[in-house]
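The first chain written gets the first letter, and so on, giving A, B, C and D; residue counts start at 1 in each chain.
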């Protein structure tokens, strides 16, 4: 791959041809703010380049260039930290803020809202462009997430992920000009669209416009994140479990090798079973036909005694075990080890066939 | 419509067409501007009126329609070429004035009001 | 119009030939350009000729056409497209429509030439559906051209084939932007995407595509036939050939003109255009459409070419020229044009979507007398930022009406915010209708027409207008027979 | 999968058969659609007009149970038109002549007749698959869950070999594993005939290795399969049955029989996270931790081993399954203890060659590794059989079409098939506890073609009784043109209105997979009040 020489803020570097200015800056550890930029897009020229927060100065270019979607060229001289850039970015944030409610105190997204971060970065407590604001009714017709377009900054990430990656194409953009906003067909509720509730739009939304319908109230800074593998189908999607205290309160996709930032409805929203009140919490043993609570020791002894007795009386082939396609490799390993080594039989199977 | 199969045929066709036009040059040619704007301002009425008047007067006039003559301020406009004379463009017409145009200029060569001076040079290929 | 200031190249046939008869076009030298290309020139030679002619895109941006073709020729592809941009959207501009209605074959011929030059064989005309007559005549032209074999398979016995179709736009201004146009042609929402890659590399259906404006195309057969040097000899150093303008507004000779580049504004307005209507004083002319800018009475000596117009905060655009006289308020004019772009922006990028709204709101505030000097400063800052950050040409030029009017008429802005007056007497919120005591005879006519009954006074006594209640409708002014009511 | 999920995006042609990908493996469905966008051709062979059909260039709406006829028809067309990869066949395969002989009679016309489709469509599909330079086959339970399931898979392998698609990037045959760690459960020896890493229990050297590693004597006799275990439990031959994280009371065929069997088991231990239908029959129930409450690894459908990490403490007295199993092993005299799953994994790597080079350290660093990964410096295997097949030459194993064990008859005139819905997962142990998912799909149903419905006076939402030779259930009718007139479909997730009350327990003789995907059924409209008796009917 051919390499190109570029200079960013006075630092010379080499980047691969086909890289965007943003890549060159990142390579040098120079931070450029982004909002609409979707790192799922493998081709930079598919970026929406709509928010214009990542604009930078490029020598000999008339206007500012979006760093996320402008390919580097040989000898390009880029400046990311000039008065002109700073002013332009601040005005862009200011404009976004001018069509956005100032309800950060109660907004679920507070703390993980890109617009909020940008306002902080550029020192905007409130907009200097007071004017008309869009006013849309909230759409709560989807069972898993709600949509509040008043908080939408029209970055298009939701539409891009739905159309280019999930490929459900449930949403697009409606209206023009100041009223441009994401819509389900005919601007009806999400429930009347082809939406499959994968929630990938929710995951990529930079503001509080798309929020999971959560049972738990939490602020983003109360959350711990744990990288793990989804426990539903065999795709092996990588995701973060969001936990507050000892409760799983949300899921966000990761760029795993198999899922590349996507999840499905079950992976994204199907986590409430974990802390469900119906969970088994103690061992149960059957006494007089009824299952009653018992201690681990009781349960273990009962099983061990029965296994030993049966083995002694009927031989190992009277014992069998069904392992599980649901538990870990380590557990499957121990299970078959138990059946083979302790029960003494190879009668171990699981539901691979079902 | 016969297909043009070679470049030579195209050139030949052009010669033939120019010849045919030459042959028609013996009678008055009326070119009525009929673009959207001309039609909107009454160009079709003007054409109809002129055709009717020419028929009524028993004049042998060749009519053609063309597109925009670019003088919107004077629509409807008509360009009249009398045999042996330079074309003259008349503007600000209506059905009534069009009749007069036939009666006076086409029949008798007598200019009427509304002549649009030619303010351009035109490239001819 | 004593002198012949106009030179008709793009409009050479419009008004002279029968657009519904291909023979009429052929008699006027039609398809000779294509024949010359096919018979005597390699595709490279055609591109070289185009480059040498110096012709630049007439749709607005002024990109050299030959260079654009050269790019598209460079990329290897099984399919390449020639697209005719007939999505004329500037209010008051209609030169494309005139050409399509008066000389459709010249566009078809040029598209075939373009396809030959870039190594393509498909063409599409993207035309707004609001042009039914142009569409009809294009359809007839395509039908006849196919029947004659000047488009289609193996044109005039050569190896070159070229097919054409028509796609209809729904009248979105932004679809005149080439990437938005391509999106629209593909059935997507008509909004631009970021360049590069340019359409010449990956355009319509991701294939190399050249998008040329109607007027550009209409000039091309003439350039081919008459040669690069002939065309190159017309115009200025950087801007060659002629430009068609649509004169509109307060000018005597409303209509299309085609003038050589480099002509002065003075010549266009006063000579070709016949001067300002009703003997009023010329104040400014909006060029470049709603996102262009105003050239003013101070710019009368400016030579019209691409660079000079940009230097005046305006642009060539597609060629609309809207003339304003002393009765026009420049703030109101800027507001009018910004309102248009505000309505027409696709809403994709932040600066254009929200910025246009905020500019409009600020201008509206100023015209209502509620603005401050600070607002004017903010307006400037915002305008500059939008030009710097917007995604496409529409957004980048949208603040031009503000910046260009401020350039010369900042005093008018100041008058609106400081004196709360509209010097041109246009902004109704800043007007007062006043009875001139000396002239009023107390006829009561004004009081009787006043829709809000805010004029008091007895018969034969001087009347008085209650300013607090007046809605500035002007009915009293029109009614008064004694010129006793004035607005100021 | 022989290949990796993301390789699909660069395939030229993807043949999807027996997989409702967008509902069962939604993210892979999305990837296939990305491939479509990049220009891949899509062929879908399915009894139902599933969502993926929208993206299909060819849709072959076959009757359930006719897969092999279709594949043979496709191969016959490819061979007769000379579209096979002759060079590849010569160099990398054997037994080709047998394949040619077997499929010779199976012209597209013959196949079309059996499958209930148009012969021209078979030809189009055949050409499309053969002409794509990189052709991937994606399949799922729609292929395997038949009495001839193994032959169905072999038949697909024949097709892939025929066109040189094994051992190339973006090609291959790619079964989509239904459960998060079904791959791992197999890899780890959760099978009666193999130790971890598919090492045969009958192999003396293997047995010796494990005896040494575990310090006990082991059996060299292949054990019983799940269906056999359940069968023997019912007859009292299995006295102690230990079930971990499975719910055969919903998932197994012929549920009435399963229930009887489990009730007959003398001592039943169930280890699960909820009191499932199966756990309710147990003598001892052990509360296990969910995936969020423990560490470990899962192996996904593309053989990628990835980390599972503990996010919260186990609720109540729950324990991770590995802890429970370790405790029991200790109680049963296997003294070894493990401080963490990582220590177990180290033991796994030491006895499992294909996992030999995988460590927690590498997984943390790389995010995942695809086995085979025999050594610590091995980068893992993106696609299998590169250069040559694992066994040397790719073996053509021709398969002859056999009808399903049960075909429609006068009493049971319809073909019933089963499958998943997007909003549920297996026996709903987890998804049944999520309100939104339940709201999207609250109850069992049967899909029926509009013409068939009209003849039976059934309208959308009617309660209908579905019966087979095994039993009957009353469920809600969904009238949909997705199905052909003689086919009905039921989701298998529900315990109430359970599809598996009806399914045929007949097994594929080789893989012992029940024939879930095809049995003969009957449909009747029932009066509304029957709905209350659904449970009793079950």
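Please note the rule applied: a residue touches a chain if its C-beta (ideal position, glycine included) is under 8 Å from a C-beta of that chain, and two chains touch if they have at least 3 such contacts.
What you see is a predicted model; the values in this text were computed from it and never measured.
Every chain gets a centre from its CA atoms, and the centre nearest the mean of all protein CA atoms is that of A. Chain C and chain D have Cα centroids separated by 63 Å. Mean C-alpha positions place chain B and chain D at a centre distance of 81 Å.
Each chain gets a centre from the mean of its Cα atoms; for chain A and chain C, those two points are 46 Å apart.
Annotation: 28 Å between the Cα-based centres of chain A and chain D.
If the chains shown are joined wherever they touch, the resulting network is a simple chain of contacts running from one end to the other without closing.
Pairs of chains meeting the touch criterion: A-C, A-D, B-C. Chain B contributes residues 1-7, 9-11, 13-14, 17-18, 21, 31, 33, 35-37, 39, 64-74, 79, 117-125 to its touches with chain C in the complex. If you check the complex, the residues on chain C that touch chain B are 1, 4-9, 11-20, 22-24, 26-33, 35, 38-39, 94, 97-99, 101-103, 131, 133-134, 137, 144, 147-150, 156-157, 221-222, 225-226, 252-258, 272. The touching residues of chain A, counted against chain C in their complex, run 45, 47-53, 55, 63-64, 66, 69-71, 84, 87-88, 91-92, 95-96, 98-99, 128-129, 131-132, 153-154, 156, 172-173, 175-180. Those residues of chain C that touch chain A in the shared complex are 172, 189, 191, 193-194, 196-197, 342-351, 353-358, 361, 378, 381-382, 385, 387-391, 396.
Across the complex, chain A meets chain D through its residues 143-144, 164-167, 196-198, 213, 224, 226-238, 241, 243, 246-248, 256-260, 262-267, 269-276, 278-286, 291, 296, 299-304, 306-308, 310, 314, 316-354.
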